[in-house]
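A, B, C, D, E, F, G and H label the chains in the order they appear, each numbered from 1.
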Amino acid sequence: MLLHKGQKLLFIGDSITDCDRAKPAGEGLFGALGKGYVSIVDAMLQAVYPELGIRVVNQGISGNNVVDLQTRWQEDVLDHNPDWLSIMIGTNDVWRQYDTPFIKEWHVYADKYETTLRSLVERTKPKVGNLVLMTPFYLESNEQDAMRRTMDEYGAIVKKIAQETGTLFIDTQAAFNVVLKELYAATLAWDRVHPTQTGHVVLARAFLNKVGFEWNRS
Amino acid sequence: MLLHKGQKLLFIGDSITDCDRAKPAGEGLFGALGKGYVSIVDAMLQAVYPELGIRVVNQGISGNNVVDLQTRWQEDVLDHNPDWLSIMIGTNDVWRQYDTPFIKEWHVYADKYETTLRSLVERTKPKVGNLVLMTPFYLESNEQDAMRRTMDEYGAIVKKIAQETGTLFIDTQAAFNVVLKELYAATLAWDRVHPTQTGHVVLARAFLNKVGFEWNRS
Amino acid sequence: MLLHKGQKLLFIGDSITDCDRAKPAGEGLFGALGKGYVSIVDAMLQAVYPELGIRVVNQGISGNNVVDLQTRWQEDVLDHNPDWLSIMIGTNDVWRQYDTPFIKEWHVYADKYETTLRSLVERTKPKVGNLVLMTPFYLESNEQDAMRRTMDEYGAIVKKIAQETGTLFIDTQAAFNVVLKELYAATLAWDRVHPTQTGHVVLARAFLNKVGFEWNRS
Amino acid sequence: MLLHKGQKLLFIGDSITDCDRAKPAGEGLFGALGKGYVSIVDAMLQAVYPELGIRVVNQGISGNNVVDLQTRWQEDVLDHNPDWLSIMIGTNDVWRQYDTPFIKEWHVYADKYETTLRSLVERTKPKVGNLVLMTPFYLESNEQDAMRRTMDEYGAIVKKIAQETGTLFIDTQAAFNVVLKELYAATLAWDRVHPTQTGHVVLARAFLNKVGFEWNRS
Amino acid sequence: MLLHKGQKLLFIGDSITDCDRAKPAGEGLFGALGKGYVSIVDAMLQAVYPELGIRVVNQGISGNNVVDLQTRWQEDVLDHNPDWLSIMIGTNDVWRQYDTPFIKEWHVYADKYETTLRSLVERTKPKVGNLVLMTPFYLESNEQDAMRRTMDEYGAIVKKIAQETGTLFIDTQAAFNVVLKELYAATLAWDRVHPTQTGHVVLARAFLNKVGFEWNRS
Amino acid sequence: MLLHKGQKLLFIGDSITDCDRAKPAGEGLFGALGKGYVSIVDAMLQAVYPELGIRVVNQGISGNNVVDLQTRWQEDVLDHNPDWLSIMIGTNDVWRQYDTPFIKEWHVYADKYETTLRSLVERTKPKVGNLVLMTPFYLESNEQDAMRRTMDEYGAIVKKIAQETGTLFIDTQAAFNVVLKELYAATLAWDRVHPTQTGHVVLARAFLNKVGFEWNRS
Amino acid sequence: MLLHKGQKLLFIGDSITDCDRAKPAGEGLFGALGKGYVSIVDAMLQAVYPELGIRVVNQGISGNNVVDLQTRWQEDVLDHNPDWLSIMIGTNDVWRQYDTPFIKEWHVYADKYETTLRSLVERTKPKVGNLVLMTPFYLESNEQDAMRRTMDEYGAIVKKIAQETGTLFIDTQAAFNVVLKELYAATLAWDRVHPTQTGHVVLARAFLNKVGFEWNRS
Amino acid sequence: MLLHKGQKLLFIGDSITDCDRAKPAGEGLFGALGKGYVSIVDAMLQAVYPELGIRVVNQGISGNNVVDLQTRWQEDVLDHNPDWLSIMIGTNDVWRQYDTPFIKEWHVYADKYETTLRSLVERTKPKVGNLVLMTPFYLESNEQDAMRRTMDEYGAIVKKIAQETGTLFIDTQAAFNVVLKELYAATLAWDRVHPTQTGHVVLARAFLNKVGFEWNRS
């Protein structure tokens, strides 16, 4: 596995990362990591690699878009000195364009999204050894759906930045698409955005697979 | 307008009708009619035709399907002796097939839906002068979406029963489709089922138009 | 209709406008526009003219009088750069004279009311293209009632300012009087001030009629 | 004073009597008598005539009309074996005709009111030594107001029954009218029905004056 | 009566005055005057002398002793410009000596009490036309009880200051003693300090008698 | 010590025994024994004699008088088959005579108290090996106080019954009197009835001393 | 994998199974499966084998011991007609012997545990195709700890019954022991009984491994 | 006894001292001393030596380690000018090493613990006449348990500092060990850290014995 003994792994993002985590710490006992994929990743790491002592920190905040991340980047990411950083952002950047279309101040369009995310990655690269970029996703199987198309566009931006900067890349939409072939979207998320436990397992598996997690390790 | 002085108009249905109405009364002051289309219909009738004294009663119950309506039909519909009865049911009959696909006891399939709804209409027709059948709807603009297709099928059943029994018929899906051409579904309902105030106005307008409400009456 | 594509329409006032709106934003999903006439106006605009993308903002605050509005005018009105501004104020200016007659600091008498409201209108006129002045109202059918007489006097001041400044004018008291001929005041408001849903529909209709809303548009 | 040592004085009525009393006891410490005129009457009796040991019991229930009283008369009045009984009922009998005019099952019209109240008095007379009949009231100074006129009609019925049966009679409307000459109704009750502390003092004084309470006793 | 048209009457003190009043205003509708003697005094004044428009303000704060009053005197008394000021303080000054005897910082001994109270009166006299000094009290009939003796001593100080400064004086302990001859202290206050409604009526009567309130006025 | 290995010790009484115990069990973890003397007795027994495994059960219920105990004696005492039973009752029997003197149904006078308590003891004696009778008490140092005199009278009844039936007897009033010589009653209980932690320690010590608890055991 | 398309898998047990599941259903959306290993098993099955449509039901109830299971076996297990049944019970049977040692009615000793569990298995075997027996566990690494020894004894009983009846067997204690070699017990459970998310992943992995779950399936 | 008339005794520590005390005062009525050993010590002192007027203050704060104490030492200890100071700290310093082993910032290792505690004692010695050092403890009977071994190590540090500085020393672990021979740890604390009432009595007894409390004093 790519993670080594004693490393710190920090996740940042929006409500899908947050999931009611403890604030501001984002780590500790009693559900401090929230109820989502971050907590499942942590539990898998502790259960299967207890000897590694991987330290997982959750710095997701509900409602955040990429500009919000930029605002708190120094304090909530860099000051933590993580060895690994995983970023999943973009849901709200896109969603606001569709659920409150007339409040344009709340939208983050593709160019702004791209330049902001790229600047965060470039600023962080020299200081954090391992970066993971996860695409945002939309639990809608119809690829012609307007919001799905936009979300795919943002996903492509994430992919481009990952390739340019040589960071690990996770296509969460692709991971969900496998399940969406079998299950209707409402099974995974009533609002097509906030996943059930099943959806969070999809995210956690995608992450763990990317970092070489050995599922059958005993 | 088709409603006459002193008539009682009863609405029955699921959560879209219920909208946190007072239980069991379903009428009275202080929001007893709930926060949805029933309350808007009532307010429009009182504001524009105050001299008619139309009495509106809301008997919607969240989560109900057509079989649940059948169970409480005598007490919650017939015992009220309404002059008008409006039925909008089917959301949960269909939704459970998509959000909890493995719990089949919670599904009401098309044939059961049709026979149950028809029997309710036929049982009621001799006792209630005026019936209105409203289709269920799904706030998804993609007509090829699996759940939308099923919902359209249930809507066609409602239409067939309305034609067979000669009752007023309202195609709520058609009413929403006009708006869905312009606004993305998430604007009208995060879960594509429970409408915002805008969605409830669409429903209220469709109902009022059907009963000959004169909007410009002064 | 007088409102055009992409315009922003801001409402300001007291508890009748506020109705539990989201603060401070006053717009967004999940009932951010409150439960009163502002929300109905918005829902009607979205439902009937979805292609226009009218943006509605609610800046009402419970308990406010015209002097309170003046205090927050820059931040809560001008900084929003609305295309349309609708003002309905005066209830508390008058009510405090009648429900707490001995606490005179809480009263805003007619001359103060007039000069303050006029100055707000004149200050705003050059910056906001379209102004609507709605009178305050009192849900008491007896025109000789002391508080009703005072409220009518304040309504006349609003009318005078509207005429002087050439702004749109809505006589809400007149709109209610039509209903009060048929329904006793307690049906519309237990305290004769805070309307039921029916009362809010009366207000919304008066506003929409004034801006040329086409009710029968399909 | 007409009340003698060791007597029990029971009040029955609607929300104006109830005022959040302890249920079911209606007596005891810690505000068991509620926050209205019953508690003030009790406190005055204990403070000025502590040696008499008058026992006051409150059996008011919010929302009750005269038919509701009839239903619980045996248990809530007769079974208590009071020496004095004071009845004030009628608010809801009338109010429902005005605030929910279309729900006629909730109305108690004058003839029903009269026959029910008279039967209660006649049934009770042989068992309870001292009866007091208090009129219902409406805190509206305009005597031509529709609901005020109806309330006055019900007050006249109370007076007629008091005269026929030779019971003490208290015209609460007359007591309030003295104050309403000076203070606007909203000062005494926002909804013109549920009095402020001032209104409850008006009621308590009217009662105490009728039973010969000596205010200046030292 | 000594109070004249349009005068403002301010009460200051501890929890017995406070009684859950609205803060900071201490006046207005909806129980703003609290649930104790201040509210009863106000209600009596409005009910019996509605034409005078006496304005009552409650500035009691639970737990206060005379030093606490001194700290907030400018803001909570003088800045209100009352025509009448009624002071009742001393309960906590004494009580802490008995319920937390080892925490001496919480005690206010007699000399400190006397000099502080006198300085407040002398500072206020030139600015407020009418002062009323009410003694603190202890609902214990045994005059040899240690805390009762101390409370009587503080009452005597109040009396001395009243005589020296020529202000109205109310011996609340004497007023209670009349009732305590008939009723055991626990009937008036479980903790011998915070009165029931009966106890608050004793206080209100003592105050109203002192200012020449005409109980039989009609 | 008189208690032997494996014995069950049951306490019954009123609110002073209850102290928010778990209901109905009255034993277990997490504060199931309440916050009063029962819990302190239990903790002392477990801490000092852990090898004995004494099982303590709390069956106190707030507000109970001796007649209430009689009603639930079979279920709450005898069915538990205790080896030891400690009874402390009488507070409410006396208190109601003083705090609600006019509600005589709530009083239990001395003769009724004596016959009821004696019958309980006689009924229990053959079945429970060890009985302890604790007097009720009143935290008032003035022996001439009316309620104190009555409480002493009830205490004397308890003593008489203990002597007649040969059960262990604890004079709780005497135990408190030692402390009351030094501390004013309000330090031990604001209402002179419900003790602070200090008061509960007085009760626990009196009990433990009576059963031969060795405080210095190591 | 051993589970086949459309099968129903029911889990029964105590608080470790329950984890705040929806009651009584134990299945559905919105966290109906609780927050523990059952929910993780379900999410893994849906995420990795979405086409199988495995239906998971949680019938755990906090505090249950094996006798409690017996009481509700017909209704909560057999009436569900599961294809798979997984039983994990024994924690409370053992724990009560250690945390409330004197309340022997709350203990279930080894012989009673064994006969009851065996009878449940034998009664169920003919009706449910696939049974899984999971041992109870105790998160204490010291094998000489008294409660750990007892828990191991109960685990051995489970193993014996599994062997006798030919059902699948999961040694959860063994699964935890691997982790306990690396992590101190308090990391997995403050009270050594209720696991953190990491502990529930250990349980879920043990279950899934036993039924042939293919972790690397894509 | 070592404590003298009028002395102030201050306790400082973590959650075991805190036990929901009043903040910030840490003394007064109504449970201000919390629910733990501090409150029991206080109650014993008041009950058995009421004439001494010992003043007990609780300054424990949940979650504190020795570094946290250092931060607030001036304000929470020295500014109180106690005559006696009792310190019990170390639980969290050790526990975090075991329950969140990867978050090393939360650990206080032995050297840091020793130097910090010693500096606090040396700084305080000249100002506070009487110091008591209580060891931290861990309710685990297995002396080879890793966390128990560490806790014993910290206890030894406390002992060393006490000997060096000549302060009173209490070995709380030794006091608990006596009980742990008879009772399984879960009886005293589910999490082996926060004691039940029995555990707090063990602590209180150890303290009182050390200061020469005479249990049999009458």
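Going forward, a contact is a pair of C-beta atoms (placed from the backbone, for glycine too) under 8 Å apart; a residue touches a chain by one contact, two chains touch by 3 or more.
Just so it is clear, the structure is predicted and the values come from calculations on it, not from any experiment.
Looking at chain E and chain F, the chains that touch each of them are D, H. Each chain gets a centre from the mean of its Cα atoms; the one farthest from the centre of chain G is E. Rounded to a whole number, the gap between the C-alpha centres of chain G and chain H is 40 angstrom.
If you average the CA atoms of chain C and of chain H, the two centres end up 64 Å from each other. Put simply, the C-alpha centre of chain E and that of chain G have 67 angstrom between them.
With touch defined as above, residues shared between interfaces to two or more other chains in chain B number as follows: 29, 99-101, 183, 187, 190.
Chain pairs that touch one another: A-B, A-C, A-G, A-H, B-C, B-D, B-G, C-D, C-E, D-E, D-F, E-F, E-H, F-G, F-H, G-H. Chain H contributes residues 6, 27-29, 53-55 to its touches with chain E in the complex. Residues of chain F that touch chain H in their complex: 29, 31, 33, 35, 39-40, 42-44, 46-48, 50-51, 178-179, 181-183, 187, 190, 196-202, 205, 215-216, 218. Interface of chain H with chain A (complex): residues 99-103.
Against chain E, in their complex, chain F makes its touches with residues 95, 98-101, 142, 144-147, 183-184, 186-187, 190-191.
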